[in-house]
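Look at the two complexes coming up: subunit A is in both, with subunit B in one and subunit C in the other.
Now for the complex of A and B:
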């Protein structure tokens, strides 16, 4: 059977139409911070619906972790914030109407840099921080009143002072407890900029109302969170909102939580007819980005290379709305510790509002930013103590039975094998000349706690239908679920159908994120098939729940019910005169447990590495007074086929082991592997991407 | 909106005379992007896709390329590779095969986009265009065609019908410094051609139009590293580069000095031996 993607037979959200639907367009703020004073619609034709902030204000605010966003912004908090929505019978009329609307603004002070936003005199992006009652606010939210901090996360291992007051001021927060036994200390600050997901398909949805019930067809990784958040906004019971998720043309985290759906739903409600809202490419750049972050790490070790203590500060730029930034800040905090043993760990991670476009989920979720910093610091330590970087890591890596900084005991860990495999791929010479080569190793958590349910129905023709909330965004989840179900049922995979999620038909699932779905759905399917066999009916129901979670004030608890484990190695050359960095080899090694579909697993690995190459070498959103410079795919480059020739990967599989997700594992270790390789050639990279200009700027000069 | 699709050159120039504000569409890789982004809106369009004559390609004397010859054809034509290696080398490194299959030589010159590869090389090779209107035919050196950002010396009723490149330019080099993706446009481009005892060094993608300084070029001593270095420094001093996503002005100034020197060093005496004298 030919892949339906190749036959062009998939209907993506952006392809869909329904009879009688109208088309929406948005008027967006040209200012980073401004109050809407008046809206002149006198040139707009009569047959166009115009919604203004005051029309939607009664709906109140929404937000998956902090309720900080109105459906349309009466106070615009970033360039591109939607302030007016229009709908018309055809798209051209809607576009023209949007252009004819004159909005006047009172400009307000704006702030862009995450550390500037912590200063006492910084303008506040939001006056108050209301914690969301959504299921997505699944851990203790700790906004700091009267600051731009919407959440802070802290780790303190048991013997460190606990409960000291919070200071969001980076300069005064410098305590060094736990470093007494450290004979060598390295301390460096790193930065990773915002980038765009650049899914091939932009956001697109169709909203309609039927007898007071809301139906939204949209590309989303979070159908049940979407249902709950829209139900909250429109004052409906969850069951009066139906979310249908056709396969997406890519997402990478961009299609999570409520994006444009609330606006489409409000327009459809006013019109009492279906409304389609599909974004243009330039609008994608102001819809969601990856968190820019500054990460400072202090690492202490004994002279012989035993890690003693680690202190981490993360300043996470979540832009104008929190979205899931608090969760990102938490994961950034513990991923920066890395898969190592320490006597003491202290982490402070701050999720900070600025007047930039909102940042949210992005493949590598928080880990990418802090692993860049922490694995560069590991190499700085290796140079300082004069120990081979692979050997230094090997001496300190967590093994089964070790305790992570969160207090949880590690099991099924394979960091050493992964590191050695990656090093071998670049012909690493233990203790020898490894100029131009670098390695990195990392851990990344899975969504914890989380739950998954799945239904399985025997059809009349002997086929089976799996009812699952796992969404398809190109990662091949439907195929993997069909395969898992077929194996459990003892039938061929083509006898199993996996229709796209529809919240009216499929049972609850937390969401399709954090590389959790193959693992969680696989386990839920086991119980569903068991139930089918035992129930004697045509339907079996499976349910699985992972408990856990971290105390956000101490960082103690269960960070992840299992760990995504990965290593990478790189070999590079640099043109000293131009600063152009050439990748000779980039290799990622990831732990998969049991592999369900090898081809799909390898594609996930390669896809992660390709995104990592963009992040490492040239992807960066630049802003001018908060406005994205060049929001198009000519000015903003992503990797092309020619940029990926050096990529290779291995998947560590253990027969009979648990299934581990692979959607992101190969992304976070790649930037530091390349950065570490560059550092061996006389450079000290701290900031990504490593453009030629930045490479020349970090040259250490002749020593 | 009207979409006009003439079948002959005569018809095309007549339409352009009648509709001087009409936007010409060749391969569509440039106007397509601008239109999608809302940066270009036009009531009238003249597509040259159906004008067969504009696809003619001749290598029998000077290289004559119809305006609608695609980058990809130039890249793959064995006679162009043998007789005009500079032309081949520059068209082969534009963007990706997908773009090269659509983009045309007339289009890339008519756009006058500072970041395109071909203009610098075509200036270095003393190429010229034929511009046709109902009033007649003009020959315009490429060096005089591009005036600034998206500005050409074409009259509003004229269209580029052919691009001509003289024979015998074997000693050429094209250096494309990319700072981001391998499919990106150049941050700094240097085309150098040595012919008849004279070198022409043209720097592209750094300013509003290709940059060439004949007085500096005239000082070149082939094979002399110091001479190359001096010319390179001179180019870096005289050019006021722009800043964009592909590099700051400061970086570009530094790179002009590096890349001009490297281009001249590539044209070493061994390479400068005429092909006929090679064994």
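Now for the complex of A and C:
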């Protein structure tokens, strides 16, 4: 029997129907910032339910890290903010009804650029910042009152001045201590634009109510966070909300926390019948994006190339709602330090509201933005001190036992092997002519702290059922979990069943993010199998936690209980007249520890690289007064089969090592590897994507 | 209006709105969920079906215009179809949402190659699949699978 995905005998959330369900559509704000004055529903047929902001205002606000979002917006804060929801017995009627609703607005001032939003005279996107009581707000949130900053994160290594007051103003925040011993300093500012996930399956959910209990079937990476946040909104105990998670048609971070589910649940509650809400492609572009960010890095070294100090400023554009932007800003901050030794590190990362569509989790979670800046700066330093870029990195890379800028001691470190492997793949000539070639190396954290629980039940037919909250979005988690359980049980993998998560059936898991699940579920499974063997019953329960976390005021603590480690190399050619950049080779080398499923590991690597190529060369969300320009796949291109010929990869495996997730590792190092290769040909790229126009715009002269 | 569609070798008579797209008829009236609406404008290939053996985007093909043509959806392929088998053997999928469209486009391309008695290169395969997008980025293994059948 072939895999059910090939001949479509698999059902995604978007495929599902239930008897008696109605269909929802949304009326969205055409303005980036506007107050709803009136809503005229007089042309809407009677047999259509219309919900307005005032109908859902009593539910209060939600948000995984900052409670800043109403179920429907009485004050729209971005173009596409849902203002009115309708439901009808069939989709065509719902669409027609949505079009017949007239909303009048009072336009308000809007702000779009993350640094403009910090100016003293910038309009405030939100008047106040209420920290969420959700489990997803797992670190100290530090919103700055009366500014657009909903969180700021700081690293100060021990010998630097501590506790200076915050100045969110990028113009005046220019101090950088710890550079006294630096003989060479490079200082550059970089920008990554917003991009979109473009999961092939759009968001789709069905919500229904049963005796006061809410049930939602939806594609999500965060079933337990969803349960908690919906319970909070609807005033229910967590156990009165049930989240069922069929396999998703891709997610990449887009299907996290509450997206469409609260609206569907509110409609279903009013109707007392199931309601389906599925988005169109253009709606995806205003639902969630990857954070645009400006990252400035100052790097100091001795003349012989020893890194002395690093100062990083991240201005992270989280759009109209914080979502998990504070977490992204934190990870952007420490990932930008990179896997290097320094005497001093200082980081300030600001998560900033603007009137753009909300930004949230995206494969590479913060690292993608700051690694672009950080690894470009490493090459700028290599050029300044006249040392081969691979050698300069090698001299400064963290090794086992070194202390990272957070104070944590590094273990199981493989940066040097990965870097050298990637360099070899593009035939790097140590100290020689490497024009057209570039490398990059990076570290990325895994969700810390987090918890994973899992159950194993022995079935009557001798098979086993694993009850796990890990969700399937194409990464092959169900297969990996079955394999891990089978290995521990000493049975064949086809004797282990892993049903899709259902929060009424599976024990708690933090979420399926940060490439944590194979690692954390694998460890939880070990304790579950042990419990099964010892309990004498037909059920074993496992639980595991990785403790740690960072002090957000000093950046000290445990950023990650283990590290995703990766390097990449690229070889490129550029047409000096047209600016067209051609990839000759792109190679990623990632540390896997122990590989559970070879094919899935390779697919995650290739997928990360191909997504990285898209966001390096052509993907970019542009806005006109906050309106996405071209929210469709005609204007917004993603890589096709014609864009992957140059891709190759290495998975560094070590017998008996612990399992490392591979879902994202090969993404962040690819853009700077390509950018660094381009830079050797007489260009100084700082901004992505590297479109022909932008390549020509950063030319330094003939190469 | 009444239409008669030939779907996977079976004639089905349906009452449809004249302006309805084939994709909606396949999914909502025939329960064939292998064709999937994703971009809505005929660009991503997730809604691909074969019309007289040629790949078409069912999200932009009016259902009445499909009358008189043989339609094949992924459900019409046998489990032992060499292309289905090759995708399985090469693990040429992640989430799988685009894969039915990918398989059908590859089927059409490989049928043409077989008729012309030529083995396609990787570049030709990539070209043939250029209208089928896979955000998971399974292209390397998809091309591997198609190349194996094509040789």
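Definition applied: the second predicted complex is superposed on the first by the 700 of 703 C-alpha atoms of A that agree within 3 Å, B and C clash if a C-alpha of one lies under 4 Å from a C-alpha of the other, contacts with A are read in each partner's own complex, and residues count from 1 in each chain.
Assume a residue touches a chain if its C-beta (ideal position, glycine included) is under 8 Å from a C-beta of that chain, and two chains touch if they have at least 3 such contacts.
Since the structure is predicted, the reported quantities are computational estimates derived from the model, not experimental observations.
In the superposed pair of complexes, A:639 makes contact with subunit B and with subunit C alike. In the superposition on chain A, contact of A:580 is made with subunit B only, not with subunit C.
When the two complexes are overlaid on their common chain A, residue A:473 makes contact with subunit C while staying clear of subunit B.
Judged by the number of subunit A residues each one touches, C leads among subunit B and subunit C. Residue contacts after overlaying the shared chain place A:8 against subunit C, while subunit B stays out of touching range. In the superposition on chain A, A:630 makes contact with subunit B only, while subunit C stays out of contact range. When the two structures are aligned on the shared chain, A:693 is found in touch with subunit B, with no touch to subunit C.
Of the two partner chains placed by the overlay, only subunit B lies in contact with A:617; subunit C stays clear of it. In the three-chain superposition model, subunit A touches both subunit B and subunit C at residues 281, 632, 634, 638-643.
Considering their complex, residues 1-8, 10-12, 14-15, 197-202, 247-250, 252, 280-281, 473-476, 599-600, 602-604, 606-611, 632-634, 638-645, 647 of subunit A touch subunit C.
Interface of subunit C with subunit A (complex): residues 33-34, 36, 38-41, 43-44, 46, 74-75, 77, 79, 84-85, 87-88, 91, 93-100, 103, 122-123, 125-127, 129-143. Of all residues in subunit A, only 281-282, 577-578, 580, 617-618, 622, 629-630, 632, 634-643, 691-693, 696 touch subunit B in the complex they form.
Residues 33, 36-37, 96, 177-184, 187, 244-245, 247-248, 251, 254-255, 258-259 of subunit B are the ones touching subunit A in the complex.
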